[in-house]
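Before anything else, here's the structure in question.
By letter and in written order, the chains are A, B and C; residue numbering begins at 1 in each of them.
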Amino acid sequence: MTDAATNMRLKLPLICIILEVILIILFGALVQYDHGTDARKWHEHLKNHSDYENDFYFRYPSFQDVHVMIFIGFGFLMTFLQRYGFSSVGFNFLIAAFALQWATLMQGFFHGMHGGKIHIGVESMINADFCTGSVLISFGAVLGKTSPVQLLVMALFEVTLFAVNEFILLSALGAKDAGGSMTIHTFGAYFGLVVTRVLYRPNLDKSKHRNSSVYHSDLFAMIGTIYLWMFWPSFNSAVTAHGDDQHRTAMNTYYSLAACTLSTYAMSALTAHDGKLDMVHIQNAALAGGVAAGTAGEMMLTPFGSMIVGFLAGIISVLGFKYLSPILEEKLKIQDTCGVHNLHGMPGILGAIVGAVTAAIATTDVYGDGMADVFPDVASGEVEASFQGVRQAISLAVTLGIALLGGLIVGFILKLPIFGAPPDTICFEDSIYWEVPGDEEAHEDQLTTVVRTEEAEKLNS
Amino acid sequence: MTDAATNMRLKLPLICIILEVILIILFGALVQYDHGTDARKWHEHLKNHSDYENDFYFRYPSFQDVHVMIFIGFGFLMTFLQRYGFSSVGFNFLIAAFALQWATLMQGFFHGMHGGKIHIGVESMINADFCTGSVLISFGAVLGKTSPVQLLVMALFEVTLFAVNEFILLSALGAKDAGGSMTIHTFGAYFGLVVTRVLYRPNLDKSKHRNSSVYHSDLFAMIGTIYLWMFWPSFNSAVTAHGDDQHRTAMNTYYSLAACTLSTYAMSALTAHDGKLDMVHIQNAALAGGVAAGTAGEMMLTPFGSMIVGFLAGIISVLGFKYLSPILEEKLKIQDTCGVHNLHGMPGILGAIVGAVTAAIATTDVYGDGMADVFPDVASGEVEASFQGVRQAISLAVTLGIALLGGLIVGFILKLPIFGAPPDTICFEDSIYWEVPGDEEAHEDQLTTVVRTEEAEKLNS
Amino acid sequence: MTDAATNMRLKLPLICIILEVILIILFGALVQYDHGTDARKWHEHLKNHSDYENDFYFRYPSFQDVHVMIFIGFGFLMTFLQRYGFSSVGFNFLIAAFALQWATLMQGFFHGMHGGKIHIGVESMINADFCTGSVLISFGAVLGKTSPVQLLVMALFEVTLFAVNEFILLSALGAKDAGGSMTIHTFGAYFGLVVTRVLYRPNLDKSKHRNSSVYHSDLFAMIGTIYLWMFWPSFNSAVTAHGDDQHRTAMNTYYSLAACTLSTYAMSALTAHDGKLDMVHIQNAALAGGVAAGTAGEMMLTPFGSMIVGFLAGIISVLGFKYLSPILEEKLKIQDTCGVHNLHGMPGILGAIVGAVTAAIATTDVYGDGMADVFPDVASGEVEASFQGVRQAISLAVTLGIALLGGLIVGFILKLPIFGAPPDTICFEDSIYWEVPGDEEAHEDQLTTVVRTEEAEKLNS
């Protein structure tokens, strides 16, 4: 039932092997252990230090939590579709494994070079996972409508643009965005939304019957949701400064998420005509509190402030799913499979705004010597806190600009008819790219029928 | 098919929003960062200390393990019911997100006040999750028979009473209970059992066909079981003193659980007429070793002692499921959906007794200077070890008293006919409170029939 | 439908209780807290040290990741079979809980004795989990064809032989194998393969229809795969030296796995006639990069070297599944249910070879003072690096020898007709040892028919 165009037998091996060989060559040429991972350098360092000062012990537990979010969290969150579980987890796995390697190089190129070499350790691993997260958000927008080859091509370009944007924000503009409300969520969401807009399929309703969940697929998706929710405090705090910064960021995120969960349940019941909770809201909107605390989480936002942010994020997100997504699809032709605009787009913008405001009102009275960790340029007197707020706001605008423009270009690249995209009739369907177990034979027959019908239609037209 | 009484459209949003707004106001008025999360305070502290001394690095990995137990462990353990997976994970999620916020305030009020303010950090987050665990245990007793509004009301009162009981035990009586055999498990179980007794439904057998598992729901439940089992060492050690105490508690719990698993499998096969293992036992009784090591785990129980405790806990728990639960249901009218009496009730009491005995025989010879961490009042000479044992025993009695009385009162509150409890015919059923996916239409039709039949019966009677 | 031979009512309780009682007695006689878990000893130590130097904080997060791999990773990886999920997770749980206790004793006996006592702490817990992992690999080879009693007997002997082999390698031969390419993977795989060879069932095709997956069972298996993949960096680094060693090992493994994932997807599509990805490859071969980095991961392999190793491991593993496994089954009569030869066997050997080569080319220029951590005998001048390479190669040969011989003997022990092995017609089937939920009644009927048919055949023959 697979026709030639979507047959991956040569396309997928070719791109995987070419990409991996390039990665290996570039790693061989450019990448070195940093002073915490290199045997000689660390042991020189040890003369005046102790092993417990190795960054590994400050960040590795957070790294592993982030890793779980990337591979289990994103992967299983997208298994909600009834016939797309293999692809959701499996393509998530593939593109994440590629993206984290490529991100190591791109991010290293922009801000990890030492004497012509990229130095890597646990912090670069976290940053690579973060960048990967952004790609997976975009994957959510195009879920079910793209081939693995398209996804790898998208990842290749998106990682590169992510690194450019991140460099402009954090290095050139001096913005703060530890949990990535802007760099990860806003960027990934709007990039993906533009890509899916360019890839618009007017006849996608031919696969409509598969673009929905079944009972157990919703439970699998909840595994993803809950892991994302639990480990978001680790995500936002993973690369903040040691000590109070990591501690505070984790705690702020924890309370933001808790408050968001209550507003999500409230809005889900309130907007349903019969008061029944909608799994789509619970699976997604309850996470918006983590997104919205991504920038300000490391600041002295207070648990009180975090809860307000989370509370609002949940409300915005459910309203987006209920009222905005249908409009985006009908009027703007944006087919956003997972609703990333509601989970990552709007809450990301909210997070950026909260970050700008929180930065603008920072005072030495509140931060004490900790100002140097959170706002080094304010602490050094280089800029006023209010100007730090302006920087943050500009960063949001830059992120949106790069995401929209980048998504446009990459979208058109992905439209080239060489990447094996599925036909409109076989979207949201594993069996086009996967061997599915035998009990699905009946189902395969149906598909064959669909394909044949489509072919017949083509012949007739 | 939802009749007005169980329609959550206004009830659920109302309670969620009111509770969250109250929480936000109280957090704004009362809650502050502690010295490990506050930028200014920690950086003052840093003048004589180092970042790796921040409590975050001692406890955050344990916190995240506990967090997984609360949200994945408890949530998925309860998905064993064939048609209640959304509610098991989803209501678990909702009431936990509420309870942890409310617990921060209640526990802070009783033992975290500094100059009129509640100071919070990773330790308070763990304690809040612990208190939440107790509520989720009670949820297990009433699973399938309560509306989300009832559950939130229950959580509101139970968290409050938990904090009172915890204060009496740990502060007033000077008992030790790091892993909560008494404060969490015994309290949560007996509170929940009394609540379910008060909410007794004589006609629950009308939903009997849904009060059982299917093949895949049992596998989902095993996700919960295994996570609880694996992370229980982190649970029991999460708030013990730094150093040997955390280390020893984790190790004792590890061996207690391993021994418990073997006795559970033994008893499950032995008590089945055909020698076949029963998933209910494996999913639950294998965890009793963690419960039973909750008090004595931090003491010098030795791995040998821990294994004996775990071994006994597994036996008691399986026997409870097999022989005691049916009696409780028939004679005492206690409809304990998850069998929390067998997993948390009896093993909790066992743990309390083991703790009392282990405390009573503590000697300086064994504990050395470590006595000050485990039994500060014994180390200071304020009390004899034997009296510490008495304190522990009294604590068990107090816990049972408050749980039983509290459950009684709260049970009657929950009986008020305003919270949207499901009718007897639609218990253990997601579709009363959730949109369930389309493939369940046939099933919904059946339900509609059931409801209509019931309505017809009402009219006829 | 269970006939007397496979009835576990007495056999399973008997062996569980006898084993656990022996364990408890031996723990009571031989096991003591080490200086990091003992209250008195640690507090004596504290006079010149600090709590953050307790090994707990260096290793416990890694331990918990390893623990997840053992219980969730291995357990769920094996749930791919359509009717064997209870047994996969449940027997995995049982034999792991036993093996970790027995391993504590066996490993302690060989290299943890202090004045006649075995001293235990977090490092011994990790090592016990490691040894357990080896048993679970062997379990994968015999999956579906063995009773729980057989599995416990196998674990009893295999743990013992594992400890002997480990002692010879690490203590007698002075080899390095932190992540266990040899001690865990090669040993476990070839031991299991010989066992399954001895237990060869010529009529296993009578259960062929159950020796395959269904849609949701493959998704459950992916939970196992992803957890193994994510936490493998923790596995390989869990017992390496503090500081750069743990840090570097984790990072090397991370890149090895990422590269392996790309080559796995490439080879899976390439070797399929229609270019469709095969879940078996994704679930297994993508992990081979972790196995292959098990020995050299702690060395200065570089990320570049790690990626080459992972890339090759993925290729070898998929080719093994595709072309070698059928040959092993047909020609050598090795019925390897999970394909452990492809995931653990060949990649383990690859890892051993990579380790030998990497050791042989180690120089002080590269390792600096870190040489003492990685190759203490080279650092002390006792041996040349090239000879360390020879030691590593000899270790591989020793491991293969002990695994093959041990598997042979244990295989014949397991063949004794007293352990309740399932008949050929009811392999890969939960209902022979488990109560399965009611919706499976139809299925049970089929089984009954099968059994009756078989009995009829016996009568006729």
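Note that a contact is a pair of C-beta atoms (placed from the backbone, for glycine too) under 8 Å apart; a residue touches a chain by one contact, two chains touch by 3 or more.
Computed from a predicted structure; not experimentally measured.
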Quick one: which chains contact subunit A and subunit B both?
C
Does the subunit B and subunit C pair touch with the same residues on each side or with different residues, judged by whether over half of the numbers are shared?
different
Between subunit C and subunit B, distance of the C-alpha-averaged centres to the nearest whole Å
33
Subunit B touches at least 2 other chains through residues 52, 57, 61, 216, 223
Okay, in this complex, where on subunit C does subunit A touch?
52-53, 57-58, 61, 65, 82, 212-219, 222-223, 226-227, 229-231, 234, 242-248, 250-251, 254-255, 257-259, 261-263, 265-267, 269-270, 272-279, 282, 286, 300, 302-304, 307-308, 311, 365-371, 373-374
Going by the contact rule set out above, which residues of subunit C touch subunit B in the complex?
2, 7-13, 16-17, 19-20, 23-24, 27-28, 31-33, 36-44, 46, 51-52, 54-57, 60-61, 64, 67-68, 71-72, 75-76, 79, 85-86, 89-90, 93-94, 97-98, 100-101, 104, 120-122, 125, 148, 216, 220, 223, 431, 433-440
